[in-house]
Amino acid sequence: MSHAIELDFCVGDPTLPRGPQGYACKDPAKVTTDDFVYTGFRGEKTPNNVFGNNVTLAFSDVFPAFNGLGISMARLDFAIGGVVPVHSHRTSEVLILVKGSIIAGFIDTNNTAYYKRLEVGDVMVFPQAMLHFQINVGKTPATAYVSLNGANPALQLTPTALFAGNLPANIAQKITLLSRKEVMQMKRIFGTA
Amino acid sequence: MSHAIELDFCVGDPTLPRGPQGYACKDPAKVTTDDFVYTGFRGEKTPNNVFGNNVTLAFSDVFPAFNGLGISMARLDFAIGGVVPVHSHRTSEVLILVKGSIIAGFIDTNNTAYYKRLEVGDVMVFPQAMLHFQINVGKTPATAYVSLNGANPALQLTPTALFAGNLPANIAQKITLLSRKEVMQMKRIFGTA
Amino acid sequence: MSHAIELDFCVGDPTLPRGPQGYACKDPAKVTTDDFVYTGFRGEKTPNNVFGNNVTLAFSDVFPAFNGLGISMARLDFAIGGVVPVHSHRTSEVLILVKGSIIAGFIDTNNTAYYKRLEVGDVMVFPQAMLHFQINVGKTPATAYVSLNGANPALQLTPTALFAGNLPANIAQKITLLSRKEVMQMKRIFGTA
Amino acid sequence: MSHAIELDFCVGDPTLPRGPQGYACKDPAKVTTDDFVYTGFRGEKTPNNVFGNNVTLAFSDVFPAFNGLGISMARLDFAIGGVVPVHSHRTSEVLILVKGSIIAGFIDTNNTAYYKRLEVGDVMVFPQAMLHFQINVGKTPATAYVSLNGANPALQLTPTALFAGNLPANIAQKITLLSRKEVMQMKRIFGTA
Amino acid sequence: MSHAIELDFCVGDPTLPRGPQGYACKDPAKVTTDDFVYTGFRGEKTPNNVFGNNVTLAFSDVFPAFNGLGISMARLDFAIGGVVPVHSHRTSEVLILVKGSIIAGFIDTNNTAYYKRLEVGDVMVFPQAMLHFQINVGKTPATAYVSLNGANPALQLTPTALFAGNLPANIAQKITLLSRKEVMQMKRIFGTA
Amino acid sequence: MSHAIELDFCVGDPTLPRGPQGYACKDPAKVTTDDFVYTGFRGEKTPNNVFGNNVTLAFSDVFPAFNGLGISMARLDFAIGGVVPVHSHRTSEVLILVKGSIIAGFIDTNNTAYYKRLEVGDVMVFPQAMLHFQINVGKTPATAYVSLNGANPALQLTPTALFAGNLPANIAQKITLLSRKEVMQMKRIFGTA
């Protein structure tokens, strides 16, 4: 088994069967330069959710050129005081801050948190599968780009995983040690109470 | 680069430098059968922590024969009502229940929870890096064995990551949307308030 | 190329084309909790073959949730005096004994055998691709569970590979150094003489 | 063998032996948040070489936190008319343009070139090991960030590989089909004639 | 995720969808011994191109048994004075010379060239993705076999990538530092001027 | 985690600690071209063992340049009637016959044998971890080269694993179903009776 991709590129074709390593490849005869360029990060992105963020994922489902290449990107925009809540990925991630000032950090399996206020141009790495977060602590909006070493690296936000889906409140309470009252309050935030 | 291990075995030697793929190998001339057998799961395991569980990890640091082989195990013992709280690993995990009755489940990145009550002999798989949990819902103690496809696959418990270490309360609050009161209550549980 | 799976899960759909890394994925909209739970290990398993064993494989073909996750299981039941004959897999394997007493062992490429009598609760690891075996040496039936770090890790039993299939007797003799008489005796055991 | 890193992180220690998968790990007790933050991309970067570029590599040798995590970054600054000449890596690469306007492209193994003028915010992916390049075609300096899915993914510039090192002119000529005169002219550019 | 192939073999079926890790598998019921034997290297191979070589690739598209197994081969025949020009692959390569005498070499990312005259029976390794080349320096034709650790490892010849395809002359000139005159001369060699 | 090697090359230094992915790297400043060239296959190789073969392994322990690159080679010489007995590796293997005529084959996990008489120039692939063999069926000595996609892919010969080492006769008998008499005869061949 080779670790390398087994063809020059495999632009994903979502109409074909998908396997554990990604989509089947679009007919190479129909691939053009435009397949390799993603323009979805252009312009302003306005945070308008409960977290005060706007996360634009360029994973292989929206940018199929990443399929099979084991890399992807996302753009993070933060309102003043905005946050990307605690979350994890299947892969590692690197972030570069291009506007504003944020605190970024991760927590290791000894429960040690590593966090720091970043300036424009600073890079921080979040090791594979570790819980991490970003908080806009500046007086202006902030923007960062991240890259992850998977084409579809998953984004599992802890608060929404626990409170925004179909997990029953009594199970959520039991597996978090949170109070019933707080669990219901969280579920109200996400409209699942 | 081969995917295979590059020698028959590489029993870890924690006194030598450690790399990203594990420990350096113990001198093969000093390796005996006992290196390949782990006896730490024998006997009774009494849950005595706040979660009502007793988790015995057989990762490569305690069972160095796993080093480089990409596999490991753990034994989970549950008191009546005991729980392994929501957590994740770098790898996938498979569980087999050998005593009692538990609800086991995981949550995917669409916030969909998959959970079920298991009987003795049942197997459940938790995909790589997904949040998952186990709850003893029977009237007796319960025991399960799990195997993970990494020699040191990490165990990141969400509640302890957020509240049992050095993460400041104000950051924990900000990245979880929990109330200040609840964050402080959680930190009191883990003695970090 | 990422090492991680490129979606949360990929429950195998055997009706779709299969690739080197496994089956194509079942439509996620049709995946339910039951897909992630395997009940085929429940109950008693009676050894009734020439080896005195009953091997229940939970590989990705019978438990499609393993597809793409790189992990699988098997249950081994031994009659008194039963044996899992010498065999190998593409992957590594870990065994836990839950009933009875067996000798388990493997042989490395220096022809050194590592073998030991295991008690209930003992764990033994068999490194990737090494020949290994288990023998019930107790006075009762025995049961073990094994886990392997591949979804379909192969089970190649040396005696059946050589004598139970279409390999001609003269080739089997030549590549094993066994006597003609013994080769024919083995083929008679497996009904291929 | 697991695909995942076998510990939470492995900040490289260049004073210890290095293996095929990276450096040995710095003592975790001495790791601090600063190990995970790279500040070398701050400020202005002035192109001052023959190519009109300034390439700042953040590979694992200068940012040891990347060690074992399979990801890295670089900052590309272009003078007006500046270029990153044709080159390749062991890995795939993704680029985001943050200032100016460049043509970026790669060539596949059918000799087909895929190239396009990018605007600020545009992302382009260069598949693993394919020759690629960037040219500042705007009227101002330009800046881009790139990320690669290896901690030390190599940067092999074709012109310098052939003409700036110890490769004899007659071999360079023979393996490129270039004229003797041109080979010598190239070697003069790099001071090796 | 396992590093191993997830079935015994996966002879590629080019009529089915292809993914990043190779072709989907031919129906195993239709696989015969002939699928595993490649006869395309038999006999004499006459170099008749501009390089004085005849390169016979046994990659997975012509020998589908390699699909999913991460290995492939090629036969290199050299006229007197013939050359395999500078090129690279996604993978590593090993060469064994079986006739004649060649200089083989590669260039690392410090621009250091490692090259040597080989005798019959000599083996040389070219590390993953590094530029390398072979030149017949003997007085007779020469033949070598190479093996690469990918089923479809790519062959990117630098001269043809730059001058034999659709890359415009002005871009080729800009990204190589070559003179306009030389670029046009190269394009004339390959019929693209 | 990247699949690629994390430096240009890592010529193994057996005096340094060894990890699961290979040896630590020799000081690059001391690496010369000779490190990348293996001359141990030169000349005649005379089979003189009980199998009538002479197997010359070029694995990473004798050719340290293979270390970390995931590839290796071996030369197989057969006396008239000579055989490489049934064996397996951790990796896949490809064989090219350069002299004589042999039958080569492998057995899959359905006990189906795939075997064929090869002519000079023929290539056969043996999938990862499958039992395989070669028999000289011609009237002259024969020679083949093989390549494997691991730097140290293991060679486990079934007959010697079972009968030439420390495995007790009663265990060997039990796990093979062979007769006591035959087991003792085999052990006499290898001097372990």
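Letters A, B, C, D, E and F name the chains as they come in the text, with residue numbers starting at 1 for each one.
Basically, a residue touches a chain if its C-beta (ideal position, glycine included) is under 8 Å from a C-beta of that chain, and two chains touch if they have at least 3 such contacts.
What you are looking at is a predicted structure, and each value in this text was computed from that prediction instead of being measured.
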Of all chains, the one whose CA centroid lies most distant from that of chain C is D
Interface of copies chain B and chain D: same or different residues on the two sides (over or under half shared)? different
Chain-centre distance (mean CA atoms) for chain D and chain E, in whole Å, is 24
Distance between the CA centroids of chain D and chain F (whole Å) is 38
Where chain B touches two or more other chains simultaneously, the residues are 1-5, 8, 17, 19-22, 67-71, 90, 92, 105, 109-110, 115, 128-130, 149, 154
Counting only contacts in the complex, chain E reaches chain D at residues 1, 3, 50-51, 83, 85-86, 88-90, 103, 105, 107, 109-113, 115, 128-131, 133, 135, 154-156, 158-162, 164-167, 171, 174-179, 182, 185-186, 189
Chain F residues touching chain D in their complex are 1-2, 4-8, 10, 13, 16-17, 19-25, 67-69
Given the complex, residues on chain E that touch chain A span 1, 3-5, 17-22, 60, 67-71, 90-91, 128, 149-154
Chain E partner, complex, touching residues on chain F are 4-5, 8-9, 32-34, 36-43, 58, 63, 65-66, 69-73, 92-94, 96, 98, 105-106, 108-110, 114-116, 118-130, 145, 147-149
